[in-house]
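Heads up, the next two complexes both have chain A, just with different partners, chain B and then chain C.
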Partner chain A sequence: MEDGEGIIKKFCYMNRKAPYGTIYALESLEVVLIAAAFDQDISLVFADDGVYQLTKNQETDGIGMKNFSKTYSALGDYDIKKIYVEKESLEERGLSVDDLQALKYEDEDDDWVEKDSLFVVGSEELTKIINEQDVVLSF
Partner chain B sequence: MKFGIVINEGPYTHQSSDSALQFVKSALAKGHDIFRVFFYHDGVNNGTSLGVPPQDDRNLPNEWSELAEKHDLDLVVCVAAAQRRGMLDEDEMKRHDKNSNNLVKGFRISGLGQLIEAGIQADRLVTFGD
Partner chain C sequence: MSALHIVNKSPFERNSLDSCLRLAAKGSAVLLFEDGVIGAMKNTKHSDAVAKAMSDISFYALGPDIKARGLNDGNIIDGINVIDYDGFVDLTTEHNTVQSWL
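And then the complex of A and B:
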(Lines of atoms letter the chains of each structure in order from A and count residues from 1; the text may use other names and numbers.)
(Lines give C-alpha, C1' and ligand atoms only; values in the text may rest on other atoms or scores of the structure.)
Protein backbone atom coordinates (compact mmCIF):
# COMPACT_ATOMS: atom_id res chain seq x y z
CA MET A 1 0.00 0.00 0.00
CA GLU A 2 0.96 3.64 0.11
CA ASP A 3 3.21 5.29 2.68
CA GLY A 4 1.88 5.00 6.22
CA GLU A 5 1.48 1.28 5.85
CA GLY A 6 -0.50 -0.35 8.62
CA ILE A 7 -1.94 2.82 10.10
CA ILE A 8 -5.69 3.14 9.67
CA LYS A 9 -7.18 6.45 10.73
CA LYS A 10 -10.70 7.77 10.63
CA PHE A 11 -10.84 10.44 7.92
CA CYS A 12 -13.86 12.69 7.61
CA TYR A 13 -14.45 14.87 4.56
CA MET A 14 -16.86 17.71 5.35
CA ASN A 15 -18.68 19.27 2.42
CA ARG A 16 -20.35 22.52 3.33
CA LYS A 17 -20.61 24.52 0.13
CA ALA A 18 -22.94 24.46 -2.88
CA PRO A 19 -21.76 22.33 -5.83
CA TYR A 20 -21.32 25.29 -8.17
CA GLY A 21 -20.36 28.89 -7.52
CA THR A 22 -17.00 27.85 -6.07
CA ILE A 23 -14.65 24.98 -6.83
CA TYR A 24 -14.60 23.53 -3.31
CA ALA A 25 -17.14 20.77 -3.95
CA LEU A 26 -15.42 19.52 -7.09
CA GLU A 27 -11.94 19.61 -5.59
CA SER A 28 -13.20 17.94 -2.42
CA LEU A 29 -14.52 15.08 -4.54
CA GLU A 30 -11.11 14.82 -6.20
CA VAL A 31 -9.51 14.41 -2.77
CA VAL A 32 -12.02 11.74 -1.76
CA LEU A 33 -11.41 9.70 -4.92
CA ILE A 34 -7.65 9.71 -4.27
CA ALA A 35 -8.15 9.04 -0.56
CA ALA A 36 -10.14 5.90 -1.37
CA ALA A 37 -6.90 4.24 -2.58
CA PHE A 38 -5.29 4.55 0.87
CA ASP A 39 -7.26 1.94 2.86
CA GLN A 40 -8.33 4.41 5.52
CA ASP A 41 -11.68 4.59 7.34
CA ILE A 42 -13.56 7.20 5.32
CA SER A 43 -16.71 9.14 6.17
CA LEU A 44 -18.26 11.92 4.14
CA VAL A 45 -20.42 14.62 5.66
CA PHE A 46 -22.72 16.96 3.76
CA ALA A 47 -24.00 19.92 5.73
CA ASP A 48 -25.04 23.54 5.21
CA ASP A 49 -25.21 24.31 1.45
CA GLY A 50 -23.15 21.15 0.92
CA VAL A 51 -26.40 19.16 0.91
CA TYR A 52 -27.10 20.61 -2.55
CA GLN A 53 -24.12 18.62 -3.87
CA LEU A 54 -26.16 15.41 -3.61
CA THR A 55 -29.39 16.64 -5.20
CA LYS A 56 -30.87 14.70 -8.12
CA ASN A 57 -31.37 16.01 -11.63
CA GLN A 58 -28.68 18.66 -11.63
CA GLU A 59 -28.58 20.54 -14.93
CA THR A 60 -25.53 22.68 -15.55
CA ASP A 61 -25.66 23.45 -19.29
CA GLY A 62 -27.02 26.92 -18.61
CA ILE A 63 -24.01 27.92 -16.52
CA GLY A 64 -21.36 26.25 -18.65
CA MET A 65 -20.03 24.10 -15.81
CA LYS A 66 -19.19 20.41 -15.92
CA ASN A 67 -21.91 18.42 -14.16
CA PHE A 68 -19.97 16.18 -11.80
CA SER A 69 -22.95 15.06 -9.71
CA LYS A 70 -23.00 11.55 -11.19
CA THR A 71 -19.63 10.87 -9.59
CA TYR A 72 -21.29 10.69 -6.16
CA SER A 73 -23.25 7.61 -7.21
CA ALA A 74 -19.93 5.90 -8.02
CA LEU A 75 -18.55 6.37 -4.50
CA GLY A 76 -19.87 2.92 -3.52
CA ASP A 77 -17.49 1.39 -6.08
CA TYR A 78 -14.67 3.12 -4.20
CA ASP A 79 -15.79 1.36 -1.02
CA ILE A 80 -17.08 4.58 0.51
CA LYS A 81 -20.14 3.56 2.48
CA LYS A 82 -20.57 6.14 5.23
CA ILE A 83 -22.12 9.27 3.80
CA TYR A 84 -23.86 11.45 6.37
CA VAL A 85 -26.25 14.26 5.50
CA GLU A 86 -27.27 16.68 8.21
CA LYS A 87 -31.03 16.63 8.75
CA GLU A 88 -31.27 20.26 9.85
CA SER A 89 -29.43 21.48 6.77
CA LEU A 90 -31.94 19.66 4.54
CA GLU A 91 -34.91 21.04 6.47
CA GLU A 92 -33.63 24.62 6.48
CA ARG A 93 -33.49 24.44 2.67
CA GLY A 94 -36.89 22.79 2.18
CA LEU A 95 -35.23 19.57 1.02
CA SER A 96 -35.84 15.96 1.99
CA VAL A 97 -33.96 12.74 1.35
CA ASP A 98 -36.21 12.22 -1.70
CA ASP A 99 -34.51 15.19 -3.36
CA LEU A 100 -31.14 13.46 -3.07
CA GLN A 101 -29.53 10.76 -5.16
CA ALA A 102 -29.88 7.26 -3.71
CA LEU A 103 -26.31 6.32 -2.84
CA LYS A 104 -25.58 2.59 -2.50
CA TYR A 105 -22.71 0.17 -2.11
CA GLU A 106 -22.43 -3.56 -2.59
CA ASP A 107 -21.58 -5.36 0.66
CA GLU A 108 -18.82 -7.87 -0.02
CA ASP A 109 -19.42 -9.51 3.38
CA ASP A 110 -23.09 -10.09 2.60
CA ASP A 111 -23.15 -11.70 -0.86
CA TRP A 112 -22.76 -8.29 -2.55
CA VAL A 113 -26.21 -7.17 -1.47
CA GLU A 114 -26.82 -3.53 -2.39
CA LYS A 115 -27.14 -1.37 0.72
CA ASP A 116 -27.68 2.29 1.46
CA SER A 117 -24.57 4.34 2.09
CA LEU A 118 -26.40 7.63 2.69
CA PHE A 119 -27.62 8.36 6.21
CA VAL A 120 -29.58 11.42 7.29
CA VAL A 121 -28.48 12.32 10.81
CA GLY A 122 -29.38 15.10 13.24
CA SER A 123 -26.78 17.63 14.28
CA GLU A 124 -26.25 16.01 17.70
CA GLU A 125 -25.44 12.64 16.17
CA LEU A 126 -23.28 14.35 13.56
CA THR A 127 -21.32 16.05 16.34
CA LYS A 128 -20.58 12.64 17.84
CA ILE A 129 -19.49 11.27 14.47
CA ILE A 130 -17.13 14.20 13.88
CA ASN A 131 -15.71 13.94 17.41
CA GLU A 132 -14.75 10.31 16.73
CA GLN A 133 -12.59 11.23 13.73
CA ASP A 134 -8.80 11.42 13.63
CA VAL A 135 -8.62 13.73 10.64
CA VAL A 136 -11.30 16.18 9.53
CA LEU A 137 -10.92 17.99 6.23
CA SER A 138 -13.51 20.67 5.62
CA PHE A 139 -14.34 21.94 2.15
CA MET B 1 3.99 16.96 18.28
CA LYS B 2 4.07 16.36 14.55
CA PHE B 3 1.82 18.71 12.59
CA GLY B 4 0.54 18.54 9.03
CA ILE B 5 -0.62 21.85 7.59
CA VAL B 6 -3.17 22.44 4.82
CA ILE B 7 -3.55 25.85 3.18
CA ASN B 8 -6.64 26.23 1.03
CA GLU B 9 -6.64 29.90 0.09
CA GLY B 10 -4.42 32.12 -2.00
CA PRO B 11 -2.11 34.80 -0.63
CA TYR B 12 -3.31 38.36 0.16
CA THR B 13 -7.00 37.87 -0.71
CA HIS B 14 -7.31 35.68 2.34
CA GLN B 15 -5.41 35.57 5.62
CA SER B 16 -5.05 31.77 5.70
CA SER B 17 -1.47 31.74 4.39
CA ASP B 18 -0.38 34.42 6.90
CA SER B 19 -2.03 32.56 9.78
CA ALA B 20 -0.45 29.28 8.70
CA LEU B 21 2.97 30.92 8.42
CA GLN B 22 2.67 32.31 11.95
CA PHE B 23 1.40 28.96 13.24
CA VAL B 24 4.30 27.07 11.65
CA LYS B 25 6.88 29.54 13.00
CA SER B 26 5.41 29.29 16.51
CA ALA B 27 5.18 25.51 16.39
CA LEU B 28 8.81 25.22 15.28
CA ALA B 29 9.90 27.70 17.96
CA LYS B 30 8.25 25.49 20.57
CA GLY B 31 10.08 22.43 19.30
CA HIS B 32 7.29 20.78 17.33
CA ASP B 33 7.79 19.13 13.95
CA ILE B 34 6.09 20.08 10.71
CA PHE B 35 5.63 16.94 8.64
CA ARG B 36 4.43 18.78 5.56
CA VAL B 37 2.65 21.91 4.35
CA PHE B 38 0.15 21.07 1.61
CA PHE B 39 -1.27 23.77 -0.65
CA TYR B 40 -4.67 23.10 -2.22
CA HIS B 41 -7.45 25.02 -4.03
CA ASP B 42 -6.26 28.63 -4.57
CA GLY B 43 -3.65 27.92 -1.91
CA VAL B 44 -1.38 26.75 -4.72
CA ASN B 45 -0.87 30.42 -5.62
CA ASN B 46 1.27 30.76 -2.50
CA GLY B 47 4.00 29.10 -4.53
CA THR B 48 4.20 31.67 -7.33
CA SER B 49 7.51 33.35 -8.11
CA LEU B 50 5.83 36.04 -10.19
CA GLY B 51 4.20 38.09 -7.43
CA VAL B 52 5.51 41.61 -6.93
CA PRO B 53 3.86 42.95 -3.77
CA PRO B 54 4.52 46.57 -2.72
CA GLN B 55 7.89 46.99 -0.98
CA ASP B 56 6.33 47.80 2.37
CA ASP B 57 4.20 44.64 2.28
CA ARG B 58 5.12 41.04 3.04
CA ASN B 59 6.05 38.66 0.23
CA LEU B 60 4.32 35.44 1.23
CA PRO B 61 5.82 33.04 -1.34
CA ASN B 62 9.31 34.27 -0.40
CA GLU B 63 8.57 33.98 3.32
CA TRP B 64 7.50 30.37 2.85
CA SER B 65 10.55 29.70 0.72
CA GLU B 66 12.93 31.16 3.31
CA LEU B 67 11.26 29.31 6.16
CA ALA B 68 11.46 26.07 4.18
CA GLU B 69 15.17 26.53 3.59
CA LYS B 70 15.86 27.35 7.23
CA HIS B 71 13.89 24.43 8.68
CA ASP B 72 13.97 21.95 5.79
CA LEU B 73 10.18 22.10 5.40
CA ASP B 74 8.32 20.02 2.82
CA LEU B 75 6.11 22.48 0.91
CA VAL B 76 3.86 20.61 -1.52
CA VAL B 77 1.62 22.17 -4.14
CA CYS B 78 -1.20 19.94 -5.43
CA VAL B 79 -0.54 19.14 -9.08
CA ALA B 80 -4.19 19.03 -10.20
CA ALA B 81 -5.04 22.30 -8.48
CA ALA B 82 -1.81 23.86 -9.79
CA GLN B 83 -2.39 22.85 -13.41
CA ARG B 84 -5.83 24.49 -13.43
CA ARG B 85 -4.41 27.70 -12.03
CA GLY B 86 -1.23 28.02 -14.05
CA MET B 87 1.35 27.01 -11.46
CA LEU B 88 4.16 25.06 -13.11
CA ASP B 89 7.62 23.86 -12.19
CA GLU B 90 10.23 23.15 -14.84
CA ASP B 91 9.17 19.54 -15.37
CA GLU B 92 5.51 20.47 -15.71
CA MET B 93 6.45 23.27 -18.09
CA LYS B 94 8.21 20.80 -20.39
CA ARG B 95 5.51 18.16 -20.05
CA HIS B 96 2.73 20.56 -21.05
CA ASP B 97 4.82 22.40 -23.62
CA LYS B 98 4.57 25.79 -21.92
CA ASN B 99 7.13 28.55 -22.25
CA SER B 100 7.63 29.45 -18.60
CA ASN B 101 7.46 28.14 -15.07
CA ASN B 102 6.74 29.95 -11.83
CA LEU B 103 7.29 27.82 -8.76
CA VAL B 104 9.33 29.45 -5.99
CA LYS B 105 12.39 27.58 -4.74
CA GLY B 106 11.57 25.36 -1.80
CA PHE B 107 8.15 24.29 -3.10
CA ARG B 108 7.51 21.09 -5.02
CA ILE B 109 4.56 19.87 -7.06
CA SER B 110 3.02 16.51 -6.24
CA GLY B 111 -0.28 14.65 -5.98
CA LEU B 112 -3.18 14.59 -3.54
CA GLY B 113 -1.78 11.41 -2.03
CA GLN B 114 0.68 13.69 -0.24
CA LEU B 115 -2.25 15.28 1.59
CA ILE B 116 -3.66 11.93 2.67
CA GLU B 117 -0.21 10.78 3.75
CA ALA B 118 0.13 13.93 5.87
CA GLY B 119 -3.19 13.06 7.53
CA ILE B 120 -1.93 9.56 8.28
CA GLN B 121 1.56 10.50 9.48
CA ALA B 122 0.92 13.71 11.42
CA ASP B 123 -0.45 13.74 14.94
CA ARG B 124 -2.65 16.68 13.95
CA LEU B 125 -3.65 17.95 10.52
CA VAL B 126 -4.47 21.66 10.77
CA THR B 127 -6.36 23.39 7.97
CA PHE B 128 -6.13 27.10 7.16
CA GLY B 129 -8.90 28.34 4.90
CA ASP B 130 -12.63 29.03 4.85
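And then the complex of A and C:
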Protein backbone atom coordinates (compact mmCIF):
# COMPACT_ATOMS: atom_id res chain seq x y z
CA MET A 1 0.00 0.00 0.00
CA GLU A 2 1.11 3.59 -0.60
CA ASP A 3 1.61 4.58 3.02
CA GLY A 4 3.63 1.46 3.73
CA GLU A 5 0.85 -0.14 5.76
CA GLY A 6 0.58 -3.46 3.97
CA ILE A 7 -2.32 -5.83 4.14
CA ILE A 8 -1.76 -8.54 6.71
CA LYS A 9 -2.96 -11.97 5.70
CA LYS A 10 -3.07 -15.18 7.62
CA PHE A 11 -0.45 -17.54 6.18
CA CYS A 12 -0.26 -21.17 7.19
CA TYR A 13 2.72 -23.38 6.41
CA MET A 14 1.72 -27.02 6.43
CA ASN A 15 4.68 -29.36 7.06
CA ARG A 16 4.02 -33.06 6.51
CA LYS A 17 7.43 -34.59 5.66
CA ALA A 18 10.29 -35.91 7.75
CA PRO A 19 13.51 -33.86 7.54
CA TYR A 20 16.59 -34.83 5.43
CA GLY A 21 15.00 -37.59 3.32
CA THR A 22 13.49 -34.94 1.06
CA ILE A 23 14.17 -31.22 0.66
CA TYR A 24 10.67 -30.11 1.73
CA ALA A 25 11.43 -29.38 5.40
CA LEU A 26 14.41 -27.15 4.65
CA GLU A 27 12.61 -25.35 1.82
CA SER A 28 9.62 -24.66 4.06
CA LEU A 29 11.86 -23.12 6.67
CA GLU A 30 13.47 -20.85 4.06
CA VAL A 31 10.09 -19.66 2.79
CA VAL A 32 8.78 -19.11 6.32
CA LEU A 33 11.72 -16.85 7.11
CA ILE A 34 11.10 -14.85 3.94
CA ALA A 35 7.42 -14.38 4.76
CA ALA A 36 8.28 -13.37 8.31
CA ALA A 37 10.22 -10.42 6.92
CA PHE A 38 6.94 -9.10 5.46
CA ASP A 39 5.17 -8.94 8.84
CA GLN A 40 2.42 -11.39 7.99
CA ASP A 41 0.26 -13.37 10.41
CA ILE A 42 2.06 -16.69 10.30
CA SER A 43 1.13 -20.11 11.61
CA LEU A 44 3.22 -23.23 11.22
CA VAL A 45 1.60 -26.64 11.29
CA PHE A 46 3.47 -29.90 11.76
CA ALA A 47 1.45 -33.02 11.02
CA ASP A 48 2.10 -36.57 9.80
CA ASP A 49 5.87 -37.16 9.37
CA GLY A 50 6.34 -33.39 9.66
CA VAL A 51 6.43 -33.82 13.44
CA TYR A 52 9.90 -35.40 13.07
CA GLN A 53 11.23 -32.00 11.94
CA LEU A 54 10.96 -30.73 15.52
CA THR A 55 12.69 -33.59 17.37
CA LYS A 56 15.39 -32.73 19.88
CA ASN A 57 19.03 -33.79 19.50
CA GLN A 58 19.26 -34.07 15.73
CA GLU A 59 22.85 -34.85 14.74
CA THR A 60 23.57 -34.75 11.03
CA ASP A 61 27.37 -35.08 10.96
CA GLY A 62 27.01 -38.72 9.98
CA ILE A 63 24.94 -38.02 6.85
CA GLY A 64 26.90 -34.99 5.67
CA MET A 65 23.90 -32.65 5.62
CA LYS A 66 23.33 -29.30 7.30
CA ASN A 67 21.53 -29.59 10.64
CA PHE A 68 18.82 -26.97 10.24
CA SER A 69 16.86 -28.04 13.32
CA LYS A 70 18.41 -25.26 15.39
CA THR A 71 16.72 -22.69 13.17
CA TYR A 72 13.31 -23.58 14.63
CA SER A 73 14.33 -22.12 17.97
CA ALA A 74 15.11 -18.81 16.23
CA LEU A 75 11.59 -18.49 14.82
CA GLY A 76 10.50 -16.60 17.95
CA ASP A 77 12.91 -13.79 17.02
CA TYR A 78 11.04 -13.47 13.72
CA ASP A 79 7.79 -13.02 15.66
CA ILE A 80 6.55 -16.48 14.74
CA LYS A 81 4.66 -17.59 17.80
CA LYS A 82 2.00 -19.97 16.51
CA ILE A 83 3.50 -23.38 15.90
CA TYR A 84 0.94 -26.17 15.96
CA VAL A 85 1.78 -29.86 16.22
CA GLU A 86 -0.98 -32.38 15.61
CA LYS A 87 -1.53 -34.60 18.65
CA GLU A 88 -2.72 -37.60 16.62
CA SER A 89 0.43 -37.53 14.47
CA LEU A 90 2.63 -37.61 17.57
CA GLU A 91 0.64 -40.46 19.08
CA GLU A 92 0.74 -42.80 16.10
CA ARG A 93 4.52 -42.34 16.05
CA GLY A 94 4.96 -43.12 19.75
CA LEU A 95 6.19 -39.56 20.32
CA SER A 96 5.24 -36.98 22.93
CA VAL A 97 5.88 -33.26 23.29
CA ASP A 98 8.93 -34.15 25.43
CA ASP A 99 10.61 -35.56 22.33
CA LEU A 100 10.34 -32.16 20.65
CA GLN A 101 12.31 -28.95 21.07
CA ALA A 102 10.78 -26.43 23.47
CA LEU A 103 10.03 -23.44 21.24
CA LYS A 104 9.57 -20.00 22.83
CA TYR A 105 9.19 -16.35 21.94
CA GLU A 106 9.62 -13.17 23.96
CA ASP A 107 6.39 -11.21 24.32
CA GLU A 108 7.11 -7.52 23.64
CA ASP A 109 3.70 -6.53 25.06
CA ASP A 110 4.46 -8.28 28.34
CA ASP A 111 7.92 -7.08 29.37
CA TRP A 112 9.61 -9.59 27.04
CA VAL A 113 8.50 -12.55 29.10
CA GLU A 114 9.38 -15.85 27.44
CA LYS A 115 6.29 -17.79 26.38
CA ASP A 116 5.64 -21.06 24.60
CA SER A 117 5.14 -20.86 20.86
CA LEU A 118 4.61 -24.58 20.30
CA PHE A 119 1.12 -25.96 20.85
CA VAL A 120 0.03 -29.57 20.58
CA VAL A 121 -3.49 -29.56 19.17
CA GLY A 122 -5.99 -32.27 18.25
CA SER A 123 -7.26 -32.77 14.70
CA GLU A 124 -10.52 -30.99 15.42
CA GLU A 125 -8.82 -27.84 16.63
CA LEU A 126 -6.31 -28.02 13.80
CA THR A 127 -9.16 -28.16 11.29
CA LYS A 128 -10.47 -24.87 12.67
CA ILE A 129 -7.03 -23.25 12.59
CA ILE A 130 -6.46 -24.25 8.97
CA ASN A 131 -9.96 -23.16 8.00
CA GLU A 132 -9.31 -19.62 9.29
CA GLN A 133 -6.30 -19.07 7.01
CA ASP A 134 -6.14 -16.84 3.94
CA VAL A 135 -3.30 -18.83 2.39
CA VAL A 136 -2.13 -22.39 3.06
CA LEU A 137 1.27 -23.40 1.69
CA SER A 138 2.08 -27.11 1.63
CA PHE A 139 5.45 -28.71 2.16
CA MET B 1 22.94 -66.48 -0.67
CA SER B 2 19.90 -64.36 -0.04
CA ALA B 3 18.56 -60.97 -1.03
CA LEU B 4 19.09 -57.64 0.66
CA HIS B 5 16.06 -55.35 0.54
CA ILE B 6 16.68 -51.68 1.10
CA VAL B 7 13.88 -49.30 2.13
CA ASN B 8 14.38 -45.52 2.25
CA LYS B 9 10.80 -44.28 2.65
CA SER B 10 8.81 -43.67 5.81
CA PRO B 11 6.09 -46.30 6.33
CA PHE B 12 3.71 -43.44 7.16
CA GLU B 13 4.26 -41.88 3.77
CA ARG B 14 4.52 -44.80 1.34
CA ASN B 15 3.66 -48.48 1.34
CA SER B 16 7.24 -49.47 0.41
CA LEU B 17 7.95 -51.16 3.74
CA ASP B 18 4.58 -52.94 3.74
CA SER B 19 5.18 -54.31 0.25
CA CYS B 20 8.73 -55.25 1.09
CA LEU B 21 7.62 -57.22 4.16
CA ARG B 22 4.87 -58.91 2.16
CA LEU B 23 7.17 -60.02 -0.66
CA ALA B 24 10.59 -60.58 0.92
CA ALA B 25 11.55 -64.25 1.10
CA LYS B 26 12.29 -66.02 4.35
CA GLY B 27 15.98 -65.67 5.22
CA SER B 28 16.45 -62.35 3.45
CA ALA B 29 17.58 -59.10 5.04
CA VAL B 30 15.98 -55.66 5.18
CA LEU B 31 17.97 -52.48 5.64
CA LEU B 32 16.09 -49.33 6.68
CA PHE B 33 17.83 -46.07 5.79
CA GLU B 34 17.08 -42.37 5.11
CA ASP B 35 13.40 -41.78 6.03
CA GLY B 36 13.05 -45.57 6.12
CA VAL B 37 14.56 -45.58 9.64
CA ILE B 38 11.18 -44.39 10.90
CA GLY B 39 10.07 -47.97 10.29
CA ALA B 40 12.61 -49.15 12.87
CA MET B 41 11.07 -47.18 15.73
CA LYS B 42 9.22 -48.71 18.68
CA ASN B 43 5.65 -47.78 19.59
CA THR B 44 4.53 -46.57 16.19
CA LYS B 45 1.52 -47.97 14.40
CA HIS B 46 3.92 -49.87 12.10
CA SER B 47 6.14 -51.40 14.81
CA ASP B 48 4.12 -54.60 15.17
CA ALA B 49 4.38 -55.47 11.49
CA VAL B 50 8.18 -55.18 11.66
CA ALA B 51 8.45 -57.09 14.94
CA LYS B 52 6.32 -59.87 13.47
CA ALA B 53 8.44 -60.12 10.31
CA MET B 54 11.62 -60.47 12.37
CA SER B 55 11.14 -64.22 12.80
CA ASP B 56 11.77 -64.73 9.07
CA ILE B 57 13.86 -61.71 8.11
CA SER B 58 16.89 -60.01 9.65
CA PHE B 59 16.58 -56.25 10.07
CA TYR B 60 19.19 -53.50 9.94
CA ALA B 61 18.91 -49.72 10.32
CA LEU B 62 21.45 -47.10 9.38
CA GLY B 63 22.68 -45.33 12.53
CA PRO B 64 23.64 -41.97 10.96
CA ASP B 65 20.09 -41.58 9.59
CA ILE B 66 18.60 -42.37 13.01
CA LYS B 67 20.83 -39.77 14.69
CA ALA B 68 20.13 -37.11 12.05
CA ARG B 69 16.42 -37.31 12.77
CA GLY B 70 16.85 -37.06 16.53
CA LEU B 71 15.50 -40.60 16.94
CA ASN B 72 17.67 -42.22 19.56
CA ASP B 73 18.97 -45.76 19.40
CA GLY B 74 17.05 -46.64 22.58
CA ASN B 75 13.78 -46.35 20.65
CA ILE B 76 14.75 -48.89 18.02
CA ILE B 77 12.71 -52.10 17.96
CA ASP B 78 14.59 -54.82 19.85
CA GLY B 79 16.46 -57.13 17.49
CA ILE B 80 17.11 -54.58 14.76
CA ASN B 81 20.85 -54.18 14.17
CA VAL B 82 22.04 -50.58 13.96
CA ILE B 83 24.89 -50.31 11.46
CA ASP B 84 27.03 -47.60 9.85
CA TYR B 85 27.95 -47.01 6.19
CA ASP B 86 30.72 -49.64 6.31
CA GLY B 87 28.11 -52.10 7.56
CA PHE B 88 25.89 -51.09 4.63
CA VAL B 89 28.71 -51.94 2.22
CA ASP B 90 29.29 -55.27 3.98
CA LEU B 91 25.61 -56.16 3.64
CA THR B 92 25.64 -55.50 -0.09
CA THR B 93 28.62 -57.82 -0.51
CA GLU B 94 27.13 -60.55 1.68
CA HIS B 95 23.92 -60.81 -0.36
CA ASN B 96 23.68 -61.84 -3.98
CA THR B 97 21.04 -59.29 -4.92
CA VAL B 98 20.07 -55.86 -3.64
CA GLN B 99 16.49 -54.82 -4.17
CA SER B 100 15.50 -51.21 -3.62
CA TRP B 101 11.92 -50.41 -2.55
CA LEU B 102 11.40 -46.83 -3.72
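What we mean here is this: the second predicted complex is superposed on the first by the 134 of 139 C-alpha atoms of A that agree within 3 Å, B and C clash if a C-alpha of one lies under 4 Å from a C-alpha of the other, contacts with A are read in each partner's own complex, and residues count from 1 in each chain.
The rule is short, and it goes like this: a residue touches a chain if its C-beta (ideal position, glycine included) is under 8 Å from a C-beta of that chain, and two chains touch if they have at least 3 such contacts.
Since this is a predicted model, take the numbers as computed values, not measurements.
Engineer: Could you look at A:93 and tell me whether it touches chain B, chain C, both or neither (first, second, both, neither)?
Structural biologist: Once the two structures are laid over each other on A, A:93 reaches chain C alone.
Engineer: Could you say whether A:116 touches chain B, chain C, both of them, or neither, answering first, second, both or neither?
Structural biologist: neither
Engineer: For A:138 in the superposed arrangement: first (chain B), second (chain C), both or neither?
Structural biologist: In the superposition, A:138 contacts chain B only.
Engineer: For A:20, is the partner it touches chain B (first), chain C (second), both, or none of the two (neither)?
Structural biologist: second
Engineer: Touching A:62, do we find chain B (first), chain C (second), both, or neither?
Structural biologist: second
Engineer: Where on chain A does chain C make contact in their complex?
Structural biologist: Residues 17-22, 48-49, 52, 55-63, 65, 67, 69, 92-94, 99.
Engineer: Sort out for me which residues of chain B touch chain A in the complex.
Structural biologist: Of all residues in chain B, those touching chain A are 6, 8, 40-41, 80-81, 111-113, 115-117, 119-121, 125, 127.
Engineer: Give the list of chain A residues in touch with chain B in this complex.
Structural biologist: The touching residues are 2-4, 7, 9, 11, 23-24, 27, 30-31, 34-35, 37-38, 40, 134-135, 137-139.
Engineer: Show which residues of chain C lie in contact with chain A when the two form their complex.
Structural biologist: For chain C paired with chain A, touching residues are 8-10, 12-13, 34-35, 38, 41-45, 47, 63-65, 67-72, 75, 84.
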